Amino acid sequence: MAKILILLAALLLPAAAFAAAAPEGDPIVIGGLFAQSGPAAVVGTPSKLVAEMTVAQLNATGGILGRPVKLISYDTESSPDVALRQARQLVEGDKVLAIIGPTSTGEGLAVKKYTEEKKVPAIMTVGGDAIIAGGKFGPFDWTFKAPQRTATAVDKIYEYLKGKNISKIAVMSSKDAFGQDGLAELKANAGKFGVEILAEESFDPKGTDFSAQAFKLQAAKPQAVIVWTIGPAGAIAAKNFAALPGERPLLVQSHGQPGPSYLELAGEAAGGTIMPGTKLMAPESLPDEDPQKIVIESFIKAYKDAGIQEKFPLNTHSGYAYDALALLRAGLEKAGKADPEALRAALEKLQNVVGVSGVYTTSSQDHNGLHGDSMIMLIVDSGRYKLAP
Amino acid sequence: MLALYLAQIVNSGLALGAVYGLMALGFSLIYCASRLINFAQGELLLLGGLGIATLAGVMRLSPLVAVAAAALAGFLLGRALFATTLGLTLRASPLRQLMLTVAASLVFQGVAILAWGKNPLMPPRLLPLPDLRLGPLFFGRDTVTALALAFCAMAVLGVFLKYSRLGRALRATSQNAVAARLMGIDPVLCHALSFALAGALASLAALAVGPQTGLRYDMGLGLGLKGFAAATIGGYTSLPRVFLGGLALGLCEAALVLFLSGELKETATYALIIVLLVAAPAESEAERP
Amino acid sequence: MASFSLSRKASLALFFAAMTAVGLVTPAHRLIGVNQHMFLAANVLALNFCLGLGGQISLAQAAFAGMGAYASVLLHARFPGATLVIVPTVVLGVGLLAALVSRPMERLGEGFLAMATLCVSLVCVNVALTLEGVTGGAAGLMVERRLALPGVGELGGDRLTFFLFLLLLALGSYIFLALRDSRLGRALAACRDDRHAASSLGIDRPAVRAVSFGLGGGLSAAAGVVHGHYTGFISPEQFSLELSLKALLFLVIGGPGNLLRPILAALVLETAMGWLQFLGEARTLVNGLLLGAALLAGYWRVRR
């Protein structure tokens, strides 16, 4: 009961403080696609909770364009087929204005093909770049992406390594869409930073031991090893590297890893690993003038107050659904009306929209809008994430 | 350099292989006693491991108590699995029984999600075994834990099957169910026992694999499949061979990664299993399960 | 269909009439769900050839469906508009491949055969992951071309796809029944019921069973072709082991050898599980309980 009261207070207080008019009129209906079962459920379930929390906040502060917002969300079961089915239900059955989600890259591609044809704006929370890459993945006029691009994270890592005078690396990537994406970007951008990839290996993200891969990469004597995967496999790899005899290379993880789960699963082996992450992972390190500071702090508070923290401790993926809704709100306010074409046009011209994952400035070519400055390099030090020196 | 490579193959391969071997033993016990492929084997590991992790959070478990508790928890889980699948459908076709274990694996996953959530859980390391160096060979502590557990379990299981009355009854049922029944052995009891023992083995495997990888609701099928593959390589019937099948699978995977690449490991492993199955001599066809 | 007082023909007619009605009445955006279940149902029927007629378990159905989908999509990208040539080639090719694969595996017992076909499935998924240049790897492949017939135009859209699937089911059912009552079907039944007796009677077991495997593989491939072009995106995860297991599950629920009951089981139970969205966290548990209950219900019905 107390929790509910606190939640109510948290929702109502800002409303009272800003004395915003209660939203009225027909609600703006937004569709949500989140993987709540299957392998991507660990990311999808908290995304749904965050989306619901954010919509409640929006409505408490006057809605969008003075109208209340209504979120209808479905479970995609981590499957492209089901995601497409639910997307069609949202668009043709529930008549939503726009879609946020889905969770995995495969789901995103299946949904995108349809939303592009149907001209429905979709702000996706998937990790892979394929949805807004164009080329063989088709046009992306109506598709936007809230999390940083893979290439952004790769550049961030390479910049950091260059600063440390590290130029010989090895790459270990998982055999799924996320790992494949990472490997491709790591290879494509290596030359730009004068980095040489000495060896590469791949592994099954559902595997239980990658010590053979770790040993093989160590044998190539790189200065650093970059592990590109999402989920528990990253922690297993860290442990396998830590268990190797002899001189160990610097271990770098992808931007999919930062979160308490990695620390818990990898234990001591996590110590000293470097990874790019959103500023959400080290809020205390932000200077006061950083525009994201206040957004991140209030997000963390709301996240805890809503009780999501207990089930899904805050991690690097937590903010994506919030950001998708922040983009949507900014887009609608810029467009001035709840119309798909106007919303699409506005979403392409956003400037300095402050979200949890970064400050978005989009263009017709860049449907993500985040750059290297939205990320920070983290280091694991005595069981905590800190700004990497 | 080659020596180092070989040492690493042994280390990685045995870490994997011991776990596969334990899973394969459980598979074979059930398969021999009731001609049933148990697709919920991986979920037995999952729930056994999660149960022990929770227990260890409440009270301090000494290593021996932990092993005993894990074995007991697995035993009960296996027994429960039997009661809800094979026990209900003793006269159904083997396929229907098999599919019931698939449904049971979903139920077990559902229980894991409701009780422990979707985030991976890190069980504490209950068996504090050290790293081991034997001449040129190096064994990480995970490898040592897995091997120690596997060999102890094998030994206890072997003694039980060979010398105890119940164990002999189980073996008799496996070899010839009708004759065993004529000798006054209750086949249902033996089926139930094989499930319970498989559960205990899976739970012990969780003690080895849990602290290494963490436990998550969707990890069961992958491990179960490897156990199934290992049991197939070992040929189901002889327990030492089945266990060796597990070790061979683990070593083969490690060797493939080191000499070929992780990219091709799965393809090559499964292709090898097909070749192995097809090329195996057709010794007395009737006995091949 | 013993428990129904309807004759086989009447129940078949009733089923296809009911499905036609479903196809005509359901709004388009709901039909996509039905179509996805029809894809599964076609795979159930395909598996029925191997298991129901020949008594051979197969977990490779997803692999055959995947091969069909990938081959057709890749060939269409190369030769757009050649649907009339591509589809029969792909279906025949995969069918032949399935028959060839099954021959050396024929003598394996149940457990070993399950493992071997499972390995075929896993090898196919991993090959698709590895051949990134051709298949797009784990990220998958966007499907640009639709199936098209000269004179008719593009075969896309929900309703048309529904009837394509229904046609596929009807064709499969016809072949299934014709085969079951033919000399070849009797030979298959003999192999299923007592393989040693069958061999003694002079039946060429590997050849006979290769036919059933090949037909099943071809049907799965055809279903994969339709599904791949319909969804507009294919990736290895859509043709993973889960599909094979589901096909086997629904076939067993309905009873191998039955024609309609497994198909109905797939359609009804999949739809029901789709509705269980609202359960949230408890969904996996309830799915498992539902499937278990269906399996037990089938068992008790037969026992009584």
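In this document, chain identifiers A, B and C correspond to the written order of the chains, with residue numbering beginning at 1 in each.
Convention: contacts are C-beta pairs under 8 Å (C-beta built on N, C-alpha and C of every residue); 3 or more make two chains touch, one makes a residue touch a chain.
Bear in mind that the values here come from a model prediction, so they are computed numbers and not experimental data.
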Completion exercise
Quick note, more Cb pairs in contact for B-C or A-C? It is B-C
Fill in the blank from the handout: Maximum distance between Cα centroids and chain C occurs for chain A
Fill in the blank from the handout: Taking each chain's mean CA coordinate, chain A and chain C are separated, in whole Å, by 37
Problem - For chain B paired with chain C, centre-to-centre distance based on mean C-alpha positions, whole Å - result: 31
Exercise for the section: For chain B, write out the residues touching at least two other chains, lowest number first. Expected result: 263, 266
Completion exercise
Among all residues of chain C, those touching at least two other chains are 126, 283-284
Exercise for the section: Would you please write down the residue numbers of chain A that are in contact with two or more other chains? Expected result: 175
Handout entry: Touch list for chain A against partner chain B, complex
Key = 38-39, 41-42, 45, 175, 201-204, 206-213, 215-216, 219, 231-232, 235-236, 239, 243, 245, 261, 264-265, 267, 311-313
Handout entry: Touching residues on chain A, where the partner in the complex is chain C
Key = 36-37, 74-75, 79-82, 84-85, 88-89, 91-93, 105-106, 109-110, 113-114, 128, 130, 136-138, 175-177, 179-181
Completion exercise
Contacts from chain C onto chain A in the complex sit at residues 27-30, 32-33, 36, 126, 129, 132, 136-140, 142-144, 231-233, 235, 237-238, 277, 280, 283-284
Fill in the blank from the handout: Per the touch rule, the chain B residues reaching chain A in their complex are 1, 4-5, 8-9, 11-13, 15-16, 19, 117-120, 122, 138, 140-142, 209, 212-214, 216, 218-219, 222-223, 253-254, 257-258, 261-263, 265-266
Fill in the blank from the handout: chain C residues touching chain B in their complex are 51, 57, 104-105, 107-112, 114-116, 118-120, 122-123, 126-127, 130, 196, 241, 245, 248-249, 252-253, 256, 281-289, 291-292, 295-296, 298-299, 302-303
